[in-house]
Structures are given as C-alpha cells and as structure tokens.
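Structures incoming, each one as structure tokens.
Both complexes below contain chain A, partnered by chain B and then by chain C.
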Partner chain A sequence: MKPSGKFSMLERPKTGDRTDETRPVAFRGAGFAPKAGRYSGWIALVLAIGLWQLAGSAGWVNPLFLPAPSAIAVAIYRLAISGALWQHLSYSIMRIGTGWILGTVAGVIVGFGIGLSSLTRGVGITFISALFPIPKIALLPLLILWLGIGEQPKIATIALGVFFSTAISVYSGVDAVPRNLIRMAQSFNVPFHAIVRRVIWPGALPSILAGFRITASVALLLVVSAEMIGAEYGIGAFVLQAGNLMQTDQLLAGVVILSLFGLAVGRVINWLETRLLHWR
Partner chain B sequence: MDLIADHISHRFGALEVLDDVSFTTGAGEVVAIVGPSGCGKSTLLSILGGLLQPGSGQAKLRGAPPPDSRNPLTFVFQDFALLPWCTVEANVAFPLLHAGLSAAERQAIVDDALRRTGLADFRGTYPKQLSGGMRQRVGIARALAVRPAILLMDEPLSALDSQTRELLMEDFIRLLADGSMGAVYVTHNLEEAVRLADRIVVLSRRPGRVREVVAIPLTRGERGDINARGRLLALQDDLWSLIREEAVEAEREVQHA
Partner chain C sequence: MPRFARLILAALLALAASSTVRADELLKARVGVLRLSSSAPVFIAQDKGYFRAAGLDIELKFFDAAQPIAVATASGDIDFGITAFTAGLYNLAGKGTLKVIGGMSREKAGYPLIGYFASNNAYAAGLRTPKDLAGKRIAVTQVGSSFHYSLGLLADKYGLKLSDMKVLPLQSLSNVAAALKGETVDAALLPASTARKLIDDGGAKLLGWVGDETPWQLGAVFASPKTLTDKPLVTKLLAALARADREYHDVILAAVADGKAPINEVTKPLLEIIAKYTNLPVEQVVGNCAYIDPDGKLDVKNVANQVEWLQEQGFVDKGFTADTIIAGEYVKPD
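Coming up: the complex of A and B.
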C-alpha cells in the first residue's frame, strides 16, 4: 500500500481481510499562513533597482523618460549641496506641520465632543457626513478667495483634510471603548472628567493613532497638490517645475524625497504606537 | 447596612425581564440569585448597584454604611473589567485616585488588597499577561480596596475553567469568613450558590419573579466538612428540580427567538 496518498483516509487496504496493517494519517493542514522572509523584501528591492540601473546604463531606455537611479541620486546630492532641497523641503514641512496640527487639534476636540455628548453628536455627524466626501483640494480656490494667495489657503486646505479624518477616527475610537470599562468606573463613583482622561482617552488612543497614519498621508497629498496649484517653493512646486522643464532626474528626485518623507512619518507613528500602546 | 430590592420590575422595549422582585440582603449576609438563562439576574444586579434605572420599584439602602467604606456597593464583574493599559497595581489603585487620599495612604490600601488576594508579586504585570483566575483576583482586590459593605458579584467565576473556579471559590469563602462584607452573588452555577450563600433567591424564567427563597442551614465553615457534602448535594438537587423545567423552556425560547 502507498504510505500516504491524497485520499489515504478513504483508501481501503488492498489486502482485503488484513486489518492490522497501519497507514499514516495524511497531513492536510498546510498553507494559508504566509510569512514574509526577513530579507526577501530588501533583496527584491535591490534587484529591481539594479535592473533599472542596468536598463539605464545599457541605454535600453531614454534617460529623458526614465533616468537611471544613479542619475536620481546625483540629482538629490546636487539639490542638497545647493541648498535648494532644504528650501523646498522646509516650506513643505512648515505647511504640513501647521496644517496637520491645526486639523488634528480641532479634529480631536470635535471627535471627543461627538463621542461624549448627544447634542454635539447629532449636529456633528450630520455636518461631517455632508462635508467629508468633498475632495478638500477643490476648496483651495475658495480658500484663496477668502484668505489671499499666501500660505494660509494651503495650510487651511491641509487642516480641513486632516480635520475630518481625525474627527471620524476619534469618535469611532471613543465609541469603541468597551462599555464595561465605563460602567466599571461609574460603579466606583469615578468622576466624569476622570473617566474621560483615564478610561476613554487611553481606550480610544489606538484608533486615534491609526487615524494619524491616515491624516499624515492626507496631509502629504494635499501639500503637494496645493503647491502644484500655486507656490514658488515646496516639493510639489519643485516637482511640477522640473516636469515643465523636462528635468526628469530632478522630478524623480522630488518624488523620492516625498517617498522618504512619507516613510519617516510612518516610522514616527510606529514609534508612538510602540511607546503608547505597549499594553496591547 | 441592608440592601433592599423593593418591587423591582424592568423591561427592555417590549421584552419584560423582571417582574416585581423583592428581597433583602442583610449586613454581612451572602444572597445568591439563581435562575434559568435570560431571567434577568444580571439586570437585577445592575439595578441594585445603581447602574440601571428600573422601570418600576426601587433599590434601597437601610442603615449607615460602615464608616471606613469608600464605595458601599461594589461590583465584581464577570469579564473582570480591568483597564488593559494599567498594571495590576494601577488597576487596584484606580477607584482610589479620586478619593482624596494621599499617595502614601493609597499605597497602603493597595498593598493590603494585593496581599489579601495573593497578588503582591504581580503588581507590575499587565492584565493580558495574567491567567483568567489572576485577572479576577485583580478585580476582587480592586473591590476590596474600597472596603465594600456589599459586594455585587455578577457571575464572577463563569468565565473561568473549573479548577480556577474552585480555587477562587476558596478565596471567596476566606474573604467572606469574618462577616464584615455581605454579597449579592448572581450565578447560574448551583454548586457555587449552595457553597457560598446564606440564602438563595430562585428566579423564574423571563420575566424573572422570585419563585422561592431557600436558606442554607449550614454555616460556610461547616460546608467545607466532608460530612456536609451529602447535604449540600441534596440541596443542589432540590434547587435543580425547581429550575430544571423552566430552564428547558427558557432554552427553547431562546432558540426560537
């Protein structure tokens, strides 16, 4: 008899009347548990960049359309030593930082209001549902009319985009705090403000931090869009300008910097999560 | 201090869960509430502890609470209700944070509660690191820290395995031994009821009514004796015969719903 066929459980011993023969139970629990190898991702990345470099160096692609990674690295280096990189980056960071902080502070306050008070909830959810779906960049022209052509409309666009996502993630986080913990606190006569600070805030924090991850990418998207619409400095303006001048290496240098910026922000949020949510 | 259920009725929407329930828990007395699933046992306890407003009737207190009690009616929850972001020590200290105590006074109370529940070596651990039994010990330590007059225990052992349950039951017997604390003990486990309670309130199936109040004619100390086993088992059988038919009907009802 075969040691283990695919349907060995249903297979009958060929010997017919011999029932003392044993056969192993076929293993059928394999698969559905993908594990990322420790280095496989990095190896693939290096291979892809190597291939790209090879295509550039061998002249398989026109560098005007796709410059080689080495050319992009050189472009970044030149930008760095000329000081242009810092100038553009500092404008973008200032806009993102200010807009994100304003939007986050307002979003956390409104989100807690909606999560804790019936009146705020009724009004707030209606307004947020109505305004959240608007692509915030569409409001930039209106904000320029209202606030002038300086930094304010760009910052306000970012703040608006961040505000709605934050408010939603905060009130969903407050809603998701286990009711039994709130009842427990009430059963010990813990005052309202202390329940908010010691039960609801930490309970909602995982959802709030997850919201930060979303709002960080919203802010990055909006700053680039706003800078492309009208700005002298900023990574978005720089990328657009490079495109107009057919300086593809500069353009991709800007894209790489945006990607690195996004990665760095993700790292900061990871760090915050391990620091603040170590109890999970 | 006595805790009185005074003609309590309650409904959730169209669903009538409690119908005119009355009984009294005296000072230092342990009253178990048993009954088929869905008979409103936990609802009754929430009403008694002031976490739910009854449709009609009232939960009342009679007499002064013990002078050193910070929370005369204190819950022990089925799901432990521990703050997962707080250590064992911080969970036990939680109800004391706004009690106007100095840090040293608070620490002394917490230390005492941890010692009485055998948690002194676990003060720095987080709930997720602990077994179910140890988590419930944290819940009990937290309750002890506020010196309750009456513990309101909502199926405190039903989330635990049978061995852990046995160990915690021994803890309860020890903690209740000096008679300084009473308890209302909601359970569906008749063995827990006959081993811990002085009196057992048997509720009917939904809407819960008091069907019978059974007094246990042995002290808790006597019940540990091997010779008492037979009498306790007989009591348990009597209770089961009171509940069985209704439990069958209650079960069918839930399945149809």
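Coming up: the complex of A and C.
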C-alpha cells in the first residue's frame, strides 16, 4: 500500500531521519504587544485638526455645516470670558459626579451580591437583563412625573445608566476570580469576609476599574439627555440649546468641552489603575 | 393568449410613454411639511391636484419637528419648506441659506392653536388668566421656539418682565405635558392638539389662547437661494398654494365658530383631506384649524418684530434684519 522508504505525515519516523543537530531559528515571539507611542496620537490629532482648519479657511465646506476649529476656539473663548463656561461646567460636574457615585455604589453592592449569593444572582440578573436595555430617554416623561424637574431626575438618569454597567462589570469580575484561590483560602479556614476582602476584591478589581472606564463615559453621554429636563445651566443644556438655535460653532464648542472632560476622566482612571493595580 | 399578452405589453408601453411625457412637462419639487393642520393648504393642493394643474410634480416629505425642515431646506434635501418660524430657522436664514417666500399659519383671535395652560394646583392658587403668569415657572419645549416667543409677546402686551418668569425648556411636548400634569411647573404653553387630552383628563386648566391675546405670523413658506433662481417653479408653487389657501379660508375658516369648524356636506371633503394627511379623526381636526391668510400674505412687520426680539434675547445672531431674509419679489406683504 504505502510507498516503501517513505513515511506518511501521521507516522513517526522510527529511526534515522531525525538528526540531533540543532538548527538556529529566528526569534518569533515579537509583536502582539501594542504600546501607545508618546507622540503618534498627538501628531495624528494635530494633522486632522490642521486639515479641518484648511477645509474651513479655503472655503471647501460651508461654515454652517462644519465650523472651522478656529471658530470653535473663538466660541469656547467667548464662553470662558463671559463666565458662563464655569457655570455650565460646575453644574454638569455636580450632576455627573453625584449621579456617577450613586450609580457606582449601588452597582458595586448589587454586583457583589450577584457574584456571591445564589438568591441575589437569580433575581438580580433577571432584573438587570430586563431593565438595562430600556432607553433612559424614553423614560424622561415618567421621570418628570415621579421626580419633578429639579436636580433629582437629572441625577437619577445618570445614576441609572451608570448602575447597570457597573453591576454587570462587578459580577463578571467576581465570577472571574480563580476558584482555586478561593478554595485555597477556604482550606486555610479563612473567614468569609476576609476572603471577600483579600481574595475576591483584588481579583475582581481589574474588571471593576475597566467598568469604571465605561461608566465614566456613559455618565458623560447621559448628561446631555439628563439636562434635557428643564436645565438652565450645564454643558448638556448648552449643547442642546446651541442645537435648537442652529448655532453650530457653539454646538461643537460644547462637544469639544465634553470630550476634553472625557479625556480628563480617562487620565484619572489611568492613575487609579496604576495606584490600585500595582501588583499586576 | 399571445394576443392578450401583446395587448398588455402595448398598454404598458403606452402608459410608460405617456407618463414620461407628462413627467417632462411637470416641474419637480420636494416640499417639507409637518403632519399638522397648519399645513392644511399644502394637503389640499396636493390632494385636489392643484399643484399638478399648475404644472408641478410635488413630492411631500414629512418631518416630525420644525427645525429639521429648515435644516433640510438649507442643505438642499428639499426645495421648499413649510413650517413655523423658530430661532434656528432665523439663524439659518441670517447666514443666507434660506429665504421666506410666503405666509402660512397665523395666530389669530378665534382660531385656537397655541394655548396657555395652568397646572391644577397653580389654578387653585389663583392663576386664572394669562396676565397672572408673571413670576411663575413656565414650561416650553425649547428656547427660541414659537412658545417662547408667544410668551415674550404676552410679557410685552401686559408690561410684564420676561426675566421675572422662570422659563423652563423641556425639549419635547410630551415632557412639557408631563411636567404640567405632575405639578412641577405652574404653567406651560402647548399646542391645542397636545393639550386636548390633558384638558379632557383634568390634568391641566386652559388659561387662554395665544391668538386671542397676541396675534402673530406663526408659519411661512421658505426656500433656499438656489430654488429661488428658478422663478417659474416658485411662482407656480405659490399660485397653487394661494388657490388652496383661498379654498381653505372660504370653506373652513369662514365657517369656524367657537374655535370649531362644523362638519357638514360643504366642509367635509376638505376636513377629510386634512384628516388623511394629519392621521387624525375628523372630529379632532375641526377644533384645531390654523388661520391662514386667503391670499397667502405674510405679516412682514411681525416677522421683523420676531427677528428683533430673538436677537435681543441672544437666540439669533445679530447683524441682519428681516428685509434680508424675505424674498421681496415673491412675498405679498400684509
């Protein structure tokens, strides 16, 4: 059947063919470790803004449809010297901060509950799955009926959005803690609260912090819809008003401020990660 | 059978040929409107073939808010827009991207459109007439909207200060209705169509109608500068609209009594057209008939006042006047 003297792929050569000589092989282990360069991101950003400014100054696009970066800078400057910027920012920071903290505290508690108790898990996951996909904007009229048009519905909108994402990332984090670590702690008769504090909490922390990164952005996204509810001040209210009045330069000025705010929050979370996860 | 097939083919060819000939003769245009009775003449002109008779092939594009119509006109997605004046529209017009070419709906005594409404608690506490709105918390949809301007007019009429009233923009009609029903504001300005359910359920009290207090030019027909260069198109459109304006005025508006049009053999055909395009039952259309000038005239003086007021409030960029946004060669001033 088989041609003699040759071996099929599946068959091991019994003797002979293999030599004990070593053969130099080029190192193949490089790559798959992307590192953000110090400058490449900034250079790309500057180039993109330069091109945008050029398109505006050269008159390739109608300034109404896409205001040039210089027009946006002027709008931000005017906002800053009139003092309105700080008023808008302080209101929004207050709402985002309060809403985020409330949502996060509730989310962490519920997330740990789901991760640690069977009863909470059954009830909690069902409710989260049922309530998470509801668009919060659709509930605005109801929130107004329940909570009025003061600060409560605005904070509640942000807190609700933050709560679900936090709860999900916390219980996934708890689930992902290696069971053998927990079993080992149990075999040393470590009490329950100490296992939670010393094993589960640090083990779940990376995914909790990754969740914070998402919820911080969610809070920024939601501040615009939250400030739909009768807000006089706030970056979201400012963006909405500029949109209503078709003042596109001011609209984009508000958007730029929101994204700068997002960058700042990202930095804070980076710092938290290096502080809290130094053991990694 | 083959003969039958040939017949059908011949008929189809003939139909295709005739329709291409007709489409060549007709001037094509896209008109953006809201599904509201304030655009009634547009629906009448389309349904009764007045556009076609004037040599136009009009495609109606329906929008759900006034602002997108203005934006779509400026960007060239539609050729004509018919909707209410807003601060956003004036900001677009001030940059030269659209011009007003004719009048449409108006706030006028006896024709309820926008009303002042009080929450039950505020009503019980003595808020009974529009004049009492001074110092109250009043919900509107957006800053610089028709509702906000109506409130400004009211303040001017009674010498109240707008700065004394706390104007709360809640972004949508449903949010405003919810705030009024939930007693979180003292009063609100709402269109009759939204307020009807609230009043019927006892969720709010009517204080009066804007048309009775401060008549003004609510809506208009406008076009982009590019469309305006096509003089035959604009002239034909305005003529067809004027024909429908006249019919709507003489048949329906002239019969309105106590803010309601009667349903009889004369008014019914037109009311049914409006009902068809606004997706409302005829019984609801009759109580919500916007006044429209029979000749399609525009209250130019009021438009100038709107621009000045909005500029004063800082909602519209300064540096242009009403004259520059009105296409004088087409507009029939009032």
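List of remarks:
Keep in mind that, in the parts below, the second predicted complex is superposed on the first by the 236 of 280 C-alpha atoms of A that agree within 3 Å, B and C clash if a C-alpha of one lies under 4 Å from a C-alpha of the other, contacts with A are read in each partner's own complex, and residues count from 1 in each chain.
Note that a contact is a pair of C-beta atoms (placed from the backbone, for glycine too) under 8 Å apart; a residue touches a chain by one contact, two chains touch by 3 or more.
These figures come from a predicted structure and were not determined experimentally.
Residue contacts after overlaying the shared chain place A:Ile229 against chain C, while chain B stays out of touching range. By the touch criterion stated above, A:Gly148 is placed in contact with chain C alone, chain B being left untouched. In the overlay built on the shared chain, the residue A:Pro69 is in contact with neither chain B nor chain C. In the superposition on chain A, no contact is made by A:Gly97 with either chain B or chain C. In the superposed model, C is the one of chain B and chain C that contacts more residues of chain A.
In the superposition on chain A, A:Gly262 makes contact with neither chain B nor chain C. In the superposition on chain A, A:Leu245 makes contact with chain C only, not with chain B.
Taken together, the chain A residues at the contact with chain B in this complex read 180-181, 183-191, 194, 198-199, 202-203, 277, 279-280. If you check the complex, the residues on chain A that touch chain C are 62-65, 140-142, 144-146, 148-150, 228-230, 232, 237, 240-241, 244-247. Those residues of chain B that touch chain A in the shared complex are 49-51, 71, 73-75, 77, 79, 81, 83-86, 94-95, 97-98, 126, 128, 146.
On the side of chain C, the complex with chain A involves touching residues 67, 70-71, 74-75, 86-89, 91-92, 95, 97, 139, 142-145, 168-172, 174-175, 177-179, 181-182, 184-185, 315-317.
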